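Sending over a structure as structure tokens; questions will come in a sec.
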Amino acid sequence: MSKSRRVFFLSEIVARLGGELRGEDVEIFEIAPLDQADRQSIAFLSNPKLRPQLQTTAAAAVIVKAADAAGLHCPCIVTPDPYLYFARVTALLHPQPAPVSGIHPSAIIAEDAFVDSGAEIGPQVVIESGVRIGARTVIKAGCVIGADTVIGEDCLFYPRVTVYHNTVIGNRVIIHAGAVIGSDGFGNAWARDHWEKIPQIGRAVVGDDVEIGANTTIDRGALGDTVIASGARLDNMIQIGHNVEIGRFTAIAACSGIAGSTKIGAGCLIGGGVGMSGHLKIADRVTILGGSNVPSSIDEPGVYGGSVTPIMPQGIWRRNAIHYRNLDQLVKRVKVLEKKLGATEEDTDKEEGDKL
Amino acid sequence: MSKSRRVFFLSEIVARLGGELRGEDVEIFEIAPLDQADRQSIAFLSNPKLRPQLQTTAAAAVIVKAADAAGLHCPCIVTPDPYLYFARVTALLHPQPAPVSGIHPSAIIAEDAFVDSGAEIGPQVVIESGVRIGARTVIKAGCVIGADTVIGEDCLFYPRVTVYHNTVIGNRVIIHAGAVIGSDGFGNAWARDHWEKIPQIGRAVVGDDVEIGANTTIDRGALGDTVIASGARLDNMIQIGHNVEIGRFTAIAACSGIAGSTKIGAGCLIGGGVGMSGHLKIADRVTILGGSNVPSSIDEPGVYGGSVTPIMPQGIWRRNAIHYRNLDQLVKRVKVLEKKLGATEEDTDKEEGDKL
Amino acid sequence: MSKSRRVFFLSEIVARLGGELRGEDVEIFEIAPLDQADRQSIAFLSNPKLRPQLQTTAAAAVIVKAADAAGLHCPCIVTPDPYLYFARVTALLHPQPAPVSGIHPSAIIAEDAFVDSGAEIGPQVVIESGVRIGARTVIKAGCVIGADTVIGEDCLFYPRVTVYHNTVIGNRVIIHAGAVIGSDGFGNAWARDHWEKIPQIGRAVVGDDVEIGANTTIDRGALGDTVIASGARLDNMIQIGHNVEIGRFTAIAACSGIAGSTKIGAGCLIGGGVGMSGHLKIADRVTILGGSNVPSSIDEPGVYGGSVTPIMPQGIWRRNAIHYRNLDQLVKRVKVLEKKLGATEEDTDKEEGDKL
């Protein structure tokens, strides 16, 4: 990737990305954090805690909000959203290489599969019968695409992605190595003395502009489809159960698991290591803090947490965990005391909470 | 898979699967939920909450218990277990394609490996020295089977499964894409100033009729074996540590991790995202609710939970988490009050718990 | 592996590994736990709870501390650290096979990649442009090594490992099947009505003598590098976010996730299923109990826990979980009582905690 790095004058960057250039029009070779930037690099300020670094950075230039543009000792680009601007400058300096159209001779392509002539199919890729792959899509080494799957244009599949049969994947979808799309959901019926498998006959359907992380698994529907809506972002090692629906632009951080048939709305932010039970409905614009379990539906937008406690020295942790085991008992003990003293709910309502 | 879908009259279904046909003998093309079924589909009622949908479904026919068979506006099949019947109708309508016996020319098979002539070995599969693969077993694209591993009959390995050397896998085992069977357990001895690896010389042994989900990992034993007993069901992205034993017909949902040497009994149901410590014993017929941690052994059958709290708005979550940190202190405060008031354990025992 | 097993007299073992032989110089074919050893096996005592098994074991010989060497009915090797000695005897009896130097004809190697003539490159491996692979390194079947990546000497990559472009891997590194090194971190900037990807232009850098478990994922840095220091041990299915740093000899058990930019010190022991938030600093020599969430930095060495409660029967679990939801309220109720009774912080400080 470094080979495709480019060099730009600040004025060229502003011409492409907008913003206002203040100061000298210097050349930019790289992008870096404020405290690591050198004379060839542009840096950016998006976290206000790092504002003092504006004075000490060695950067050739900085990307800042208007309010931070005064008194700088280097040129700057002024923009309302320096973080977004940083993303775009990074993409400018480090463009994704263009697909090298063609099929590697070691790839195995079914005769009745359709691969656009502008697509790039890497070594040892396997493409089964009836598959369709769109223009400029890149399928890297060792991916396996199951029968009758349809993949759109401008996608990028990193090595060793597996897509099961009859899956639908939109345009501009990025899938990282080891991800599995369309595997069977966990469907078993108990038959007196053994499990019988419930064939999983639905599909996995992934919209446009989705990114799916390394070793993430997305099960196909049991009946009907599992759906990842357009614009969603899934980090690494996420498990999406059968018939789950993930709304548009919802982002889920790594190691989260969403059990079957749960519907997550649009614009949600799900932290890392979150576990959601099955058959829930999560409203639009819900944020779940990392590590939380979600055992029930959430109807209102907002920020939610659960199941995560502070980290404590082992001795304190152990004592509190045992007290937690006896919490029901403790509540009874307080009730006894309240009765003896005639304390009422009104008393409690009047009491101010601890300042925490 | 859709290509292998078949069509049946209700009378043919009943002839094969049992149950009692009531009403007209119509043709069935598909199976669907009650609320999505159309005039070509059969639907089923297993969740009593959905009973009202029996009156509104557009299904050609429904699968119901005898108690639900009265007053229907369409034909039905009466059976004591509609969910199991649904599983079997699905399998009837969507049969797994038969293996296409033979070895793809791109597969690399060691000279001294034995592959049954009825087995199907997909493209770019690698089969190492001394491996034995039974009749009608399907090994899909890109799987790697390590030296001296034995795989039974009628198995189905989806693409890119890795089985390490010297592993034993029974008959009718399904393994999904990306799963790894027989990898080294986490064994390290501290040698004054560095870790030394403890070679993992045991095996992973998988019984008959097991299903293993996508990207699940099962470590081989350190000394002795890791064992997945016949009939067990493992969902996606489960980690099974070295020398773990999973009992017969035990089902484990996705994202759970079982640490080394823990023995789980037969007929257990382990929810998603469950973490079990090592060296535990879990009795037969134990159910663990999703998201729970299991830090200690469980001797009695039953349903257990732990570590999962309700999901709460962030502010409430934060306050409660801090109070949790101080729970030991709170208990002391209650003890002080009890002493001042002469409240006794008997008082608490007499007190009724809150209705929750 | 069993094919490479060897046989040793106790005197030969002591000559190679040190320790003191007491008793007859018998031949050893295998290593086994005390309760499973037979007359061909050597066993070891490291867990004091198993001491009674010394009297009943059928082992040909045992590895013990000096304090346990008296009164044995079989020969023994005396050593200060029987567990470490066991690791070394295991390695002696079950040596890793030497690399079979050469490149399998089905491997696809870029013309400008450098593969040491003593390296072993397995079937269907893909090695991209500019890669360098050191002496005696073994890359097993189906691995994909991205452009410009550098891999040291004496490494062992199990099948189907993916290493992205521009990654650095030291010497004597073991990586298990399905692991992904150098995948993109989770970087997204919100652009008014959609996410824009932040190109991940840093690297993943893995030191010497590291072991990485099956299906573990290590993201490359966003800017700058993700670093796994020499001597670290990562179990299966661990997620390492972008720009994380893992200190020397730190060991992390399976299913843990470390969010972006967190720095873990040296010599830490992180249990299984631990979730760490991003941007934390964890001191050297910190132990985190399995299942804990770590939402904040830890400045002092020690053993820490959090978020894990005892496992409870469902009814008790449910009641306590609901009380937890109302913990803030309970604390207020206790405050009301304290006011009514004039109880003070001093009273609480004087109160002894429950014996738990």
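Quick notes on this structure:
Going by the order they are written in, the chains are A, B and C; count residues from 1 in each one.
Going forward, a residue touches a chain if its C-beta (ideal position, glycine included) is under 8 Å from a C-beta of that chain, and two chains touch if they have at least 3 such contacts.
Which chain is which protein? Per UniProt: A, B, C = UDP-3-O-acylglucosamine N-acyltransferase.
Since this is a predicted model, take the numbers as computed values, not measurements.
Between chain B and chain C, the superposing rotation on Cα atoms measures out at 120°, rounded to the nearest 5.
Interface note: chain A and chain B, two copies of one sequence, contact each other through mostly non-matching residue numbers (shared numbers fall below half of all numbers used).
Distance between chain centres (mean CA atoms), chain A to chain B: 25 Å. Contact of a single residue of chain C with at least two other chains is seen at positions 106, 124, 142, 160, 178, 215, 237, 255, 307-310, 312, 319, 323-324, 328, 330-331, 334, 337, 341, 353-354. On the side of chain A, the complex with chain C involves touching residues 1-2, 31-33, 36, 81, 83-84, 86-88, 90-91, 93-94, 96, 104, 106, 122-124, 140-142, 158-160, 174, 176-178, 209, 211, 213-215, 231, 233, 235-237, 249, 251, 253-255, 272-273, 290-291, 307-314, 317-319, 321-325, 327-328, 330-331, 334, 337-338, 341, 343, 347-348, 351-354.
The touching residues of chain B, counted against chain C in their complex, run 106, 108, 124, 126, 142, 144, 146-148, 160, 162, 164-166, 178, 180, 183-184, 186-191, 194-199, 201, 215, 217, 219, 223-224, 237, 239, 241, 255, 257, 259, 275, 277, 288-289, 292-296, 298, 302-310, 312, 316, 319-320, 323-324, 328-337, 340-341, 353-354, 356.
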